[in-house]
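As written, the chains take the letters A, B, C and D, and residue 1 is the first residue of each chain.
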């Protein structure tokens, strides 16, 4: 299982998914109305490292983080 | 008479000269060993405004300032 | 040095402490950016969420980059509510060289705005409203879309 | 705001006062450059001469330029001796906009170095030695040569 956290304004509790790569996670989140509208503007971190490759495999215990647009300062 | 002040490291007291333009002042200072070596690297102010034109006329009571290389901070 | 505080920053205390540290490092140039919450758009203040694990990594990668120029980076940021006239953000660069400090503070602050995992909300009528229009999608966004 | 002090700057007092002023102006971005005397070349400290009339004009012309961007400039500088670890120079830009502050501080500090009528001396063995090699001839120099 992979735990997915939604940060900042998305305001949803973390959810665990049974997925083996980011592509599968993408398909699930795109179908979920709570998340689909955010995805276009969200970055993705795998174990707290921002990632850029949708083909990355996920293993049990991995932590995925969804980061909406930021504005510090 | 025009009063000429020498700032910072030049370490000379102000001197009054009877000159009617900057060209005349230049001729006098170039012949003075205390100042000649400084002139190439010095800016010139007329009444506290930096000037760039050697043809400027001077009138009685004008104040000329000789500014050697600077280093604030 | 990265410092996160609940609520507004105590700017004077932070700057005083950082100055003592700067002096102890024998560096000639210390430049700081202080962000102050302005009275605009009828807000009562701002509020911030921070995701620390990624913020810390982001900061460490910048410190590594600064190390190449013998510079030291400083940052303080608020979490939660910060009211008008209070400060939520200080960034600093300490360097032996003036040019390094002036160039690094610019890049550091701009990348902070574009990349640091911090979310801003306007406080209006006691509510927290996501500052969507002022926010920037982090590089690489849209991967799952 | 231009402040000249005999000897070292009381940085904490100056920064504290400037911060209060910054807050009262409802500006979001305050950036400051602090110069600290480093222990190098076996000096005991630095010493400065200032020619105030031209320094004030130089500062006013910069403030006019900053006015176009609704920015306010700050500067504090020492006259006379400043020892190791003490501060001789603070420059500040207060602005409603971040970009204005970041760009203006760079140009302001660089032009200060190139143009402000201040002369620096190393303090070595109790003597004042003109820092000739680190000094810059003001634009227009050589007119009388």
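What we mean here is this: a contact is a pair of C-beta atoms (placed from the backbone, for glycine too) under 8 Å apart; a residue touches a chain by one contact, two chains touch by 3 or more.
Since we're looking at a predicted model, the values are computed, not measured.
Visitor: Based on CA centres, what chain would you say lies at the far end from subunit D?
Guide: Relative to subunit D, the chain with the farthest C-alpha centre is A.
Visitor: CA centre of subunit C versus CA centre of subunit D: separation in Å?
Guide: Taking the mean C-alpha position of each chain, the two centres sit 25 Å apart.
Visitor: What whole-Å value do you get for the distance between subunit A and subunit B if each is reduced to the mean of its CA atoms?
Guide: Using C-alpha averages as centres, the distance is 71 Å.
Visitor: Averaging only over C-alpha atoms, locate the centres of subunit A and subunit D and give their separation in whole Å.
Guide: Result: the chain centres lie 49 Å from each other.
Visitor: Going through subunit A residue by residue, note those that touch at least 2 other chains and give them in order.
Guide: 73
Visitor: Two-or-more-chain contact residues of subunit D, please, as numbers and ranges.
Guide: Those would be 35, 98, 109, 113.
Visitor: Per the touch rule above, enumerate the chain pairs that touch, sorted by label.
Guide: Touch list across chains, by label: A-C, B-D, C-D.
Visitor: Can you name the residues of subunit D that touch subunit B in the complex?
Guide: 35, 48-49, 51, 53-54, 57, 77, 88-89, 109, 112-121, 130-132, 134-145
Visitor: State the interface residues of subunit D toward subunit C in the complex, per the touch definition above.
Guide: Within the complex, subunit D touches subunit C at residues 11-12, 15-16, 19, 22-23, 26-39, 85, 96, 98, 101-103, 105-106, 109-110, 113.
Visitor: What residues of subunit B sit close enough to touch subunit D in their complex?
Guide: For subunit B paired with subunit D, touching residues are 7-9, 22, 25-26, 29-30, 39-45, 48-52, 54, 65-73.
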